[in-house]
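You will see subunit A twice below: alongside subunit B first, and alongside subunit C after that.
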Partner chain A sequence: MSSDGENDEFLYEDAYDDAFDQDDEVDDLDSMSEPDVYDALSPAIEEAPQRKPYDVSWKVKTLQEIIDMQTKEISKIQSVLEVPPSSAAILLRHYVWNSEKLQEQFWNDPASALEEAGLSPPSSPTTRTSTLPPSPTRRTTRSLKAGPSTSLPKRARSINTGSFECPICCMEFDELSVPSQTYSMGCEHRFCKDCWKEYLVVKIKGEGESAKIQCMESGCGRVVREEVIDDLVEKDVSRRYHNLLNAAFVADSSTLRWCPHPNCEYIIQCTQAPPRMLNQLVPTVECKCGHDLCFGCGYAASHRPVLCKIVRLWEKKCADDSETANWLQANTKECTKCQSTIEKNGGCNHMTCKKCKWEFCWVCMGPWSEHGTAWYQCNRFDEKSGIDARDTQAKSRASLERYLHYFSRWANHEHSAKLDGELYQKTEKKMEQMQNSGNLSWIEVQFAKQAVDVAIKARVTLKWSYCMAFYLKRNNMTELFEDNQRDLERAVETLGYSLEQSISDTESIAKLRQDITNQAAYVQKRHDILMDDTLKGYLERRWEFSVDI
Partner chain B sequence: MSDARLRRVQKEIRDCAKDKTSNISIDMIDESPFHLIGAFPGPPDTPYEGGYYEVDIVIPDAYPFQPVKMKFITKVYHPNVSSASGAICLDILKDAWSPVLTLKSTLISLQSLLCDPVPNDPQDAEVAKHYLADRNSFNATAKHWAQAYAQAPAHKKQSEPGKVATDAEMAGLTEENVSGFTDMGFSREQVISILKKLNYRGNNVNPQSYNSVLEELLK
Partner chain C sequence: MASTSTRRIQKELSDLMNSPLPGIQVQPDEDNLQIWRIIINGPSNTPYHKGKFQLTADFSKEYPFKPPTLLFKTKMYHPNVDSDGNLCIGLLKTENWKPATKMSGVIQAIYDLIENPNPDDPLVSSIAEQYTSDKKGFEKKAAEYTSKYAT
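Right after this comes the complex of A and B.
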């Protein structure tokens, strides 16, 4: 078995070397036949052709487009259900913008659908419609021109008796000032406008509520309409309110996601990566701000080729375990029976596990019973039970070591990626140098920058490939994966070395330029192979993980 | 808006003083109308009957748009009230608050909370466990607390007149169970705190929990 394995590896090595040689030859040919190597290779370096089966398509939206999307939905529902636009908005928000479900429920029982969403039932249509502004485009324009004094319902019972006392601030209002100074949503709960205003400010600014601000009366579920809020509060609060509404719209939609990068206000729309597909897709998308993100989980960079769920597990594990694991490795052993981790902080080698009361020897890890009265004479190395005990111990250690193996490589690439800024600067300096001493044009030295880009991208992929490998079950597919990983890593290291080379004369510049261009092309190729194979592997369900996805 | 807040609180205090039927009082502690003491009698037909419960009331700046802060000053043995701090777990004091609710209506809600504990959403987990494990024993303890802390008169049926509840009874434990462990030489204080923590009552008194009590005591 083992010899077979070795043969396989040799075969693979050969194939790999061949591939490498061929690449070299091709590149050499290219460089010989084409005087301008950079131009000939640039398509390969720049971007692999789009639309692989595992790629998703996406659009980058502006906030205005998001607002328009809502307006469109609202006016659709408004005309279908024949309700005012703000009612349509409240209904849609209540049904989380699922217009099919909304229509089904509405046609089933209009009164209860309205009631549930926090609207008055249609039995009192006069109060409902009379409060509404005429323009349906109002929610986006947010004009404040329609005075509430003319549009408010004048139905509260207390008005008929003359004066009115606001039940919240206990202010008295006479009959004349009731319509202009107080407001009721038609649910018979009337309050003064100052109280409404104060309440809305606390809700919007203090609690960050938007779509579900209800009547102030305890237990009344009537939702406050947009235009009422716009009329009652100051402009800045109203702006915040609409921002919250938009944020809620994006948050509620499974096809929209805010770009997570600081100061970026774009929204990504992607319909091909619903949550149920995330066990076979890694929907990496690029925002207009120039940064990558994962549409599936909102990770603020590409974590390809690793699935979102695995990334989450890994991040959690790293946060919890890394430091602890290192310390455990150095300072503790496990109880040979219950595998509790034990730190020996003094005393003799006759250990009694606090948890399972198992007695064992700290030196040989064998059961203490076999030591008899031979105090501290641990000559039992070949005893079977001692070996068994050490075996289980070793297994538990091995899992820790395994984690640290992957973690240290992952962290190493993470660290390297952080140093990329420096590498960029260094490379830029070098490019200037080359232009000066090597008589190269600006465009001719761009190869160095391109190569750095390729190297950075490859490092990110390599970083995540270690996370992937940690969770992969050991099988032939995993071995192929690790072969690809090794090839990429080797290629990246070679390129990295070349990029760090200092330049002296014109001749060496020409050689270096050729080397770097070739190596970058090779890295790109290995990178694409690893990525392609891994991502296709999800679709083909080739990968087996040690955790449940 | 602080004018409105002051006006509203003053009116609430006035209205409450006028209303003699509800037996609820709201009084100022000092000059500030925003730090008050509310009080109400324990509801009838409960272990709290006859007790008199005082509540610390703090009016927040955004009152009545933010809920009032209330906690019991009088010690109460109740699943939704912390037996140590008096903190209260009640929805209207948090997200179900509405500006139309008043100090009086909130105090009435507290009163009815004493009638109907919600042990599944407890503030004091130990008390809630006691409530769920052995209702009679819980009621007895709540009564002892009412007598000891809320000036509830001692009932002849429950205990002999003049007899003060023992520390075991105050913790909802039987003297028999406590002395079982103190006889082994453990301190009474330690035994009571551990038996309370492990809810050593009713059906929980069995050999298995006996062992876990011993384990705790030996730690």
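Right after this comes the complex of A and C.
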């Protein structure tokens, strides 16, 4: 769900496509590294029309594009450093694709840069397999190349009669089978191909290792090259290996993130939300699969307006306190008047007891009549009642109560948002009914569906607003936040109530349509106000939290 | 690859029998070559001196592509060995394990660890703390354990 209204997504598309397509050609490097200085209010962002200062631009990439990005980087480094492509790849992976740092280190001391990355030349003193038999026919008969060692002086290979014993499996290989049955990298630690294969399968399939698979010799840091692995293992293992390499590339980059939604293979690229900006940005983005995600933390939905760190704290807290909170999630409550058990089966918090007709609020269980007045207090925890707690036991009870106050509202909106999904189906039926009995066209009844969308979106935002409020310090700003929260909550409840009204006659349909349309527009407006004010508040450093962000 | 595993274990065993490591005895389980009993004599100039420390090495079917599991059977007071006999040693960790590493190298590394505890990477932090702050107290306790459990 986009939290910024439906029209905005089209604006984003245009804005970022233009901005990035040019960039891509000229300077792909920049998109790989974090921008040094980022100012959320910089002119670059204001240039894009109607983009909010707290929004980020992003691009959705395919796996092939991610592969191409790597190939491009590799060939760049390959030509600059004059090394074989597979060496360039190993170097880049070792330096976490930071090509500037790599070049700096390389030109500073090529030998140690190569060795650190696992490309030590054969002349370097590594422990060598004692039974290593040199093979004169090696280079011509083997399909595998030893990479950079080709440019280095070949070792004197005296013809050593006798067989080779693989140090791993202790199998003997006669002189003739050594070239085809065994393999050694530039470090010249020779092992039989079956052992290589087994080792690579264990590393790739068993341990999920990819970029840093080393020689099998103890103490040898030489990294096995891509083409060597592809040549030695079966196709499925090789495929897995390349998937792991791509996954590592995405994971290593602070500007890339996999879409977290099941079966989605897209990757989001965003250069405007580096980790250090996450104390003032909530970079919600939308994947091409149609789902929202947070680029900052990978949360598989929008958690606006709450910062990633606060979401993490909240989720942890909720997991820890889940036992005490469990009862709150129960779906039934008793009517405060007649004690009938009531199951909440719709999204609206305005409850009317079927038995005694008592109207009350599902969240605070207070009479609904009070919610209609300016004395509406349901969204705000009365801190005063907690203050007179004197001893520690009372204090911890107060803090639990405070938490439960916010948690119950958070959980309640989550529950309601889910129930509103069911409301969709009910609404569809109602829309049919309206078309039949109210002589309205299909287009004319779409307002109901749109209103449900607005209500669900508002409930998700409200849900997170309670998490936010839990961590906010009490001050004037927080009061304003809670005022906005209250206004949105009231608007949503009113809309939710209207959406659940049954349809009787043509006249009431016309009125209901008018009401719902107006109420939905009002909810949208209150939603945008809360969102806009909260997100801007981060940039203006208006919010003070009880935890360190 | 059971045959690889067996062949390799046999080869290593015969190597260790032919040229034994000083102060170390290795004996496979009577009816299972995949389990070895290893006895290490406590290094001199350490509180473990005169103690005999028994370990078991358990080889999986994936050996040598997966590391063997080593466990102390003799109680010892050491920052890198816990009360269950688990020991913390880099080259035996799955991600660091190299198939070409021989048991002789593993045993040597364990011997070195007994001789020179590594308090920076402890398994029992209380012992590590004592080792760095109160070496005398540590040595006394370790010697006590040695005479009580390892002789």
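Operating definition for what follows: the second predicted complex is superposed on the first by the 384 of 549 C-alpha atoms of A that agree within 3 Å, B and C clash if a C-alpha of one lies under 4 Å from a C-alpha of the other, contacts with A are read in each partner's own complex, and residues count from 1 in each chain.
The definition used in the following text is that a contact is a pair of C-beta atoms (placed from the backbone, for glycine too) under 8 Å apart; a residue touches a chain by one contact, two chains touch by 3 or more.
Because the structure is predicted, anything quoted here is derived from the model rather than measured.
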item: Clash-or-fit label for the pair subunit B, subunit C on subunit A; value: clash
item: Touched partner set for A:E209, first subunit B, second subunit C, both or neither; value: second
item: Partner, of subunit C and subunit B, that touches more residues belonging to subunit A; value: C
item: Contact residues common to both interfaces of subunit A (with subunit B and with subunit C); value: 167-171, 189, 191, 194-195, 198-199, 202, 206, 216-219
item: In the complex, subunit C residues that touch subunit A; value: 1, 4, 7-8, 11, 62, 64-66, 91, 94-95, 98-102, 105
item: Subunit A - residues contacting subunit B, complex; value: 167-171, 189, 191, 194-195, 198-199, 202-203, 206, 216-219
item: Residue ranges of subunit A touching subunit C (in the complex, touch as defined); value: 129, 167-171, 189, 191, 194-195, 198-199, 202, 206-207, 209, 214-220
item: Touching residues on subunit B, where the partner in the complex is subunit A; value: 1, 4, 7-8, 11, 62, 64-66, 92, 96, 98-101
